[in-house]
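One structure, as structure tokens, below. Some questions next.
Each chain gets a letter, A, B, C and D, in the order it is written, and its residues are counted from 1.
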Amino acid sequence: MIKMEYYLIVSTLMFFIGVYGFIARKNMLAILISLELILNAVEINFAVFNRYLFPGSMEGMFFTLFGIAITAAETAIAIAIIINVYRNIGSVNVRKINKMKE
Amino acid sequence: MDFSNFLLMQQEMSLMAVFVILFIYDVFCSDKGKQWFQPIACILFTLHTAWGFLPALTGEAFGGMFVNSDMTVIMKNILNIATLLVFLQVNNWLKSHDTVHKRGEFFTITLVTLLGMYLMISAGNFMMLYIGMETASLPMACLAAFNKYREKSAEAGAKYILISALSSGVMLFGLSFLYGSMGTMYFSDMTAQVVSEPLMIVGFVFFFSGLAFKLSLVPFHLWTADVYEGAPTAVTAFLSVASKGAAAFALMFTLYKVFGNIEVVWNPILWWSSVITITAGNLFAIRQKDIKRFFAFSSISQAGYILLGIIAGTPLGMNATVYYVLVYVFSNLAAFGVISAIENRTNGNTLISAFNGLYKSNPRLSLIMMLAVFSLGGIPPFAGFFSKFYIFMAAADRGQFLLVFIALLNTVVSLYYYLLIIKAMFIKEGDEQSVDCFVTDGYNKISLILCTAGILAIGFLSCIYEHIGSKVDLFNF
Amino acid sequence: MEYSLFILITPFVLFLLLGLTGHKMKQNVAGIIGTVGMGFAAALSYMVAYQYFFVIGKTAGVFQEMIPVSFEWLRFTEKLHIDLGILLDPISVMMLVVITTVSLMVHLYSLSYMHGEKGFQRYYSFLSLFSFSMLGLVVATNIFQMYIFWELVGVSSYSLIGFYYTKPSAVAASKKAFIVTRFADLGFLIGILILSYYTGTFDFATLTANHAESVVTSMQGLSFMGLSVAAWAMALIFMGGAGKSAMFPLHIWLPDAMEGPTPVSALIHAATMVVAGVYLIARLFPVYIFAAPEVLTLIAYIGAFTALFAAIIAVTQTDIKRVLAFSTISQIAYMMVSLGVSGYGGHDGLGYMASMFHLFTHAFFKALLFLGAGSVIHAVHSNEMKDMGRLHKFMPVSSWTFLIACLAIAGIPPFSGFFSKDEILSAALHHDKLIFFTMLFVAGLTAFYMFRLYFNIFWGKEKAYDSHHKPHESPALMTVPLIILAIYSIFTGFIHFPEFISSDSTPFAAHIEWMHVAIPSIVVALTGIVIAFVLYFKGSEKPVQIAKSLGGFYTATVHKFYLDEVWMFITQSVIFKLICKPIAWFDRHIIDGAMNGLAWTTQKTSASVKGLQSGQVQLYVWVYVIGSLLIAALALFL
Amino acid sequence: MNILSLFVLVPVLMILFLFVCKSMQQIRTVMVSGASALMILAVTLTVMFLQERAVSNAEMLFTSSTMWYPSLNIAYAVGVDGISVAMIVLSSIIVFTGVFSSWNMNMAKEYFLWYCLLSVGVFGFFISVDLFTMFMFYEVALIPMYLLIGLWGTGRKEYSAMKLTLMLMGGSAFLLIGILGIYYGSGHSSMNLLEIANNLHIPIEIQRWVFPATFLGFGVLGALFPFHTWSPDGHASAPTAVSMLHAGVLMKLGGYGCFRVAMYLMPEAAHELGWIFLILTGISVVYGAFSAVVQTDLKYINAYSSVSHCGLVLFAILMMNRTAMTGAIMQMLSHGLMTALFFALIGLIYGRTHTRDIREMGGLMKIMPFASVCYVIAGLASLGLPGLSGFVAEMTIFVGSFQHADVFHRILTIAACCSIVITAVYILRTVGKILYGPVQDSHHIGLPDASWYEKVSAVGLIVAITFMGMYPSGASELINNSLMPIIEKLAII
């Protein structure tokens, strides 16, 4: 039986890799993927906590399900907007969307 | 399953009804019929708003997932008013060529956003809260990017969706910690278990960052200016009042209800973030040229003031906060109403210089703008003065005199840049790029009149404040 | 004697009448109204005097003080309140007579002297205002009322000196007069404050009552910076008096004040206002002598010095009005001296009596001198001696009356000046030899410079007066007052003053000490006259040679020992440049700069933080994450 | 309806009427009738007050209080004692004369709208005894200044307007924190001044910081050194009537507030910390006078002399004895009247010569005798000529302050006395330069003298000044009797 900590280590790693990716990558799609990493890390957390600590209830699992669904919606919208950005400035480079500053 | 639960959701129900009607109308109506969309939407929503004022059942539904109390009803009414005012202001903008064919979408999406805010407020469970927040913020991104052919709009949408996604990620991360340490997501069950132990504290902070993002507190505020500037003015208005207000309410509830035990933890956090937020907002606002961006920063510092009420953590504080948001809705929307009128006239010029000599060309508009600005600056006898005073009283009640004093000194700074607008409108002479004399469209007129009435009356009608106060109940809602 | 109130009311009403409606009247109408009113006031004051001295007279061998009118004007505390009222006692009644008489003369005289002047009505309204204030001053029942009218007198003098307000010199002179006296009044005010703080009263009667015990007891043993508080108070009050009475070094305003119309100089700067200081000291005499005798000594020495100083300057002045001005200063100094050397009660109070006596006589002959000078100036349109000479044959009346006045001031019997000056000298003799001899010498100087003046004007060389208007005798309206005043100057000396006025208002017998005082003084005076005769009657060249031989000293005296320059330096360079300018600069640059600096700092800060808002989503997120981690860390470890 | 509320109602009505006004004629009618109505009200109030005072010995009269925000103990509470009555009379006089001084304004309608709003604030402040409403009216009075100066002003008007508004607002920040301190310090049960003063007590350790905050807050408006720099620039740029109202009435809000709130509610702290402010005020008395000596702009001269005179007001208040405080209030009245007169005349002169630089003027006495004579009278009043208002006020202050038992206070008093000499210096300097002497600028020859409406305002003020100067005991009595409560409170410690 794998210890819970391992899961948590993995999820935490995923989270911060995601954050790193978000900050480091130029391509917005890559950034979206990093976002997915972050959210999935979270969902792992919920599942694991539910399974190991509170097996009595299913709350964490449900949260995970909802989370996945919402993440999907989020991605959809994000993609749509990114396409719109591409249509406008002909690039998906996140550093290029800095018309508004100061 | 017990359908009587739905009786508690009367506002949500009616909102859904309005949404469905409009949606069907939008789908099946010919383009010719679409021109009636605005009036119909407004009328329906007015009915919904009125309906919201009817006496409502209170209690918990779905095993505590959804809570409806007098307080939440009031808050939802405030949000309704805000939305209604926004609806009245969009007419001209929606007529423009790149939005005219999808004006239906604006209304429907906005309604969904509003629904999300309802859920945020009425949540009795963190999952509910999370769903509510996402329901509120995802459509908001669409709205921000609503002007498809305007680069700024797209940029605003992109920035908003990315950052809000990240913030929800961080927030969920925090929630997962909370869940892990308590094993439940229900507010009522958590209240007792919350103790100041590391995991919970970290969890709380991450969760707080999620709401702070929507409330645009420093350091989670950086998106605000860009999105406000880029998004269509109506959306900015909605964003600045409705989503801010909803976030403020949600934060207040969660802090009081769930994290009441660890006030020692969140009190200093709020103290510092309010100080920094107010100051930073003012500092950035001083040197803005674009009026929407300017109001973005001013709204940031306003958020800081809202924290003063929340930090009090007393019935007085809650009362003051809700009242503050109410006044803020009227003041800010008055300002944005004027801005959108000007923007439509000068097709998209939102520089402050466009307001030069406005008094000469459009005295009424400039007077309304002045009322709004003075009210935001907390100048008597306008409503803003009262709300600020009560916020300060609430904070002082908890002995936060230093905080109040800092906030007060900041009001001087804020007055400085508010006066810059007055100066532009009244003292500066207009030039070719400033707006000429024109007539605002009827809907916007109505909204502006409503706002003016609110700004002038709310302060003097103490019954409003007292009514809110009578409904205040810190812990069971 | 309530009707004495009308002595005050009349001129006040005249002031309002002429001031408000004057510009609508004809000049003569205004002038006549003023004169008649003044005549009425004069008649009343003579009545008062008669009734006071002869009808009511002494009770228990003493002239009692009477307060016919008095009401509370402004209450400060339970004890301290300003009353306005009329106090009648020998000196105030005497002053009433003097003021109204001279004022009436001046009113008459001005009718023709000022005829056709622009602002004739204004002139008369100011004259009435002055008379009102001066009368109010002398009949003051309490020190604060005196202060009030003191200020009013100052202002009316200001406006009369500056009557020719288009002449810059006149404006400057009036400003100078007001500010210098104002500065002195500051001392007066502070003195009043101290006095009233300890004694708890403004009332003269209470202050001076039985040997000023209220003051003496209340200030027992209090001292400040080594000097008793009483001395401080009285010295400060004397400062006020010195300012008005042009004692050294506060005398500088008086010579310049001659910029005003000559009748004004006669009324204000010779006869009445300038003696207010003397009157003030006399008023508070018991307080001085019992509570602060050291101050009296100070007064005596300052007086003696001023007398000498002014006399010396008078010798060298060429502007006839300035000569008279300095002689005024020196004569007032006489009065001060005799107050300073006086004792209290009976014959010890000789000095007090003498000073009042001299005040009385001086008023008339000095007014006469000024009016005479006025009529001369009227004739030759110049103040300078060099433009005059041999006028005797053109204007005999002026000449004769002027001569009488000169004799009077020189102290030649039987003219009034002799008697009063004699008393002063004998008072001085018994008190302090040094002062006595100084004053004796000054008497000689006086005689000399007066006759220098007289001979230079009416005799000496004949000047080339242009033919078509030769100097001519002034009209009757001007000569009549001269004659009247001349009569006064001849006969007032024979009034037996000690009968009426004495330090404790109990009459005593004063006799002329021929051996020790009278003879010497007459001799000295005659020598002075003779020298003047020799030097100036024929208009020889000697004076110039003498002046040359004196060299630096002479020029110094001509420049009034450069005191004006010193004052200029203090006011202009020290106060204006070294105090006011720096303060103003400090205000504009330091304090205001601080306020602007605040705004500037805010602007700069906001400019420096703008970089944070870079528009880069990734930076925003970076800040977001770091921020939340930081907050978490703080929340954990703090 | 309580007579006091009318003082707020009338200007509000004036505002409403102004909205419907079309022609200049109508606007003037509204303003004149409204202002005269206020005058009449003020006079009636005085008469009624004196009658009431004779029969009742209540601390304040015509008190009425309607709960406004019950949960916060905020009420619309009004009431007057002799001091407020005096202030109201002063305000009504100056509002009245101000209307005439701004007879020919461009954009008259807007101008008078703000003008009325300003007077709403002023009257409201003087009648209210509830801290909240007091503060509200206080700020209502401040804000219109910005536009009045910024729009109708002259010179660096925008800078001055901004500076003035911000500095005063900074002051009101201190004030608000002070008010909150008072409210919670006194056990958050009432905002009513009288209630707090008589039934509640603020612990000394709270007073220690609330008193300075409050005093400073009001002091800024009272031109307390070193927070006075808004006043020269503000006055210099403001239009005539605004300078009149601002120097004449608004600066009095400061003194009145210090007196009514700071001293009255916190006597212990006043005794403990008074000396600090006493020194500050002492400085501003002399300092203002000295700075006035070298100014060359007429308005700057009067601004600095206002600093000096208002400093005297606060100075006397801090002396904390009955006479001195009476003097302080009288000084407020007299300074209000004579400064208003000064600014009215300066506006008149500036309107004709288009310069305020005294070096460029001269011999105006020949050109516009009426105005010049009035100016001289104003000057004499300000240098304390007996028979005019300045003298009685200053003398009351000096005598009163000198009654203080402490030597330090007496020496300060003497120092303050020196200001009267300096005042004489700069007044005579100005008068001598601009009115007397030969005509400097040939263009000035033939300029018209005051027109009838300017005469009305000048004469009105002069009458008031002389009346007060000739019959001071009236004002003195009115004020003196009302000082008893605070004196008792101060004496207890």
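In this section, a contact is a pair of C-beta atoms (placed from the backbone, for glycine too) under 8 Å apart; a residue touches a chain by one contact, two chains touch by 3 or more.
A quick note: this is a predicted structure, and the numbers were derived from the prediction, not measured.
Peer 1: Using mean Cα positions, find the chain sitting nearest the overall protein centre.
Peer 2: Per-chain C-alpha centroids compared to the overall one single out D.
Peer 1: How big is the gap, in whole Å, between where the Cα atoms of chain B centre and where those of chain D centre?
Peer 2: 43
Peer 1: Using CA atom averages as chain centres, what separation in Å is found between chain B and chain C?
Peer 2: 79
Peer 1: Suppose each chain is reduced to the average of its Cα coordinates; what separation in Å results between chain C and chain D?
Peer 2: Here the centre of chain D sits 37 Å away from the centre of chain C.
Peer 1: So the centre of each chain is just the mean of its C-alpha atoms; given that, what is the distance between chain A and chain B in Å?
Peer 2: 26
Peer 1: What residues in chain B touch two or more of the other chains?
Peer 2: Residue numbers touching two or more other chains: 158-159, 162, 166, 170, 225-226, 416.
Peer 1: Quick check on chain A: which residues sit in contact with 2+ other chains?
Peer 2: 19, 22, 94, 97, 99-101 - these are the residues of chain A that touch more than one other chain.
Peer 1: By the touch rule stated above, which residues of chain D touch at least two different other chains?
Peer 2: Counting only residues that touch two or more other chains, chain D contributes 166.
Peer 1: For each chain, which other chains does it touch, given as pairs?
Peer 2: A-B, A-C, B-C, B-D, C-D
Peer 1: Mind pulling up the chain B residues that touch chain A in the complex?
Peer 2: 127, 130-131, 134, 138, 141-142, 145, 148-152, 154-159, 161-162, 165-166, 168-170, 172-173, 175-177, 179-180, 183-185, 225-226, 229-230, 293
Peer 1: Could you please specify the touching residues of chain D with respect to chain B in the complex?
Peer 2: Residue positions touching the partner: 68-72, 74, 132, 136-137, 139-140, 143, 146-147, 150-151, 157-158, 162, 165-166, 169-170, 173, 176-177, 180-181, 183-184, 188.
Peer 1: Give every residue of chain A touching chain C within the complex, in rising order.
Peer 2: 19, 22-24, 94-95, 97-102
Peer 1: Which residues of chain B touch chain D once you look at their complex with the stated criterion?
Peer 2: 316, 319, 374, 379-381, 385, 389-390, 392-393, 396-397, 399, 401, 404-405, 408-409, 411-412, 415-416, 419, 422-423, 426-427, 462, 465-466, 469
Peer 1: Can you list the chain C residues touching chain A in their complex?
Peer 2: 610, 613-618, 621-622, 625
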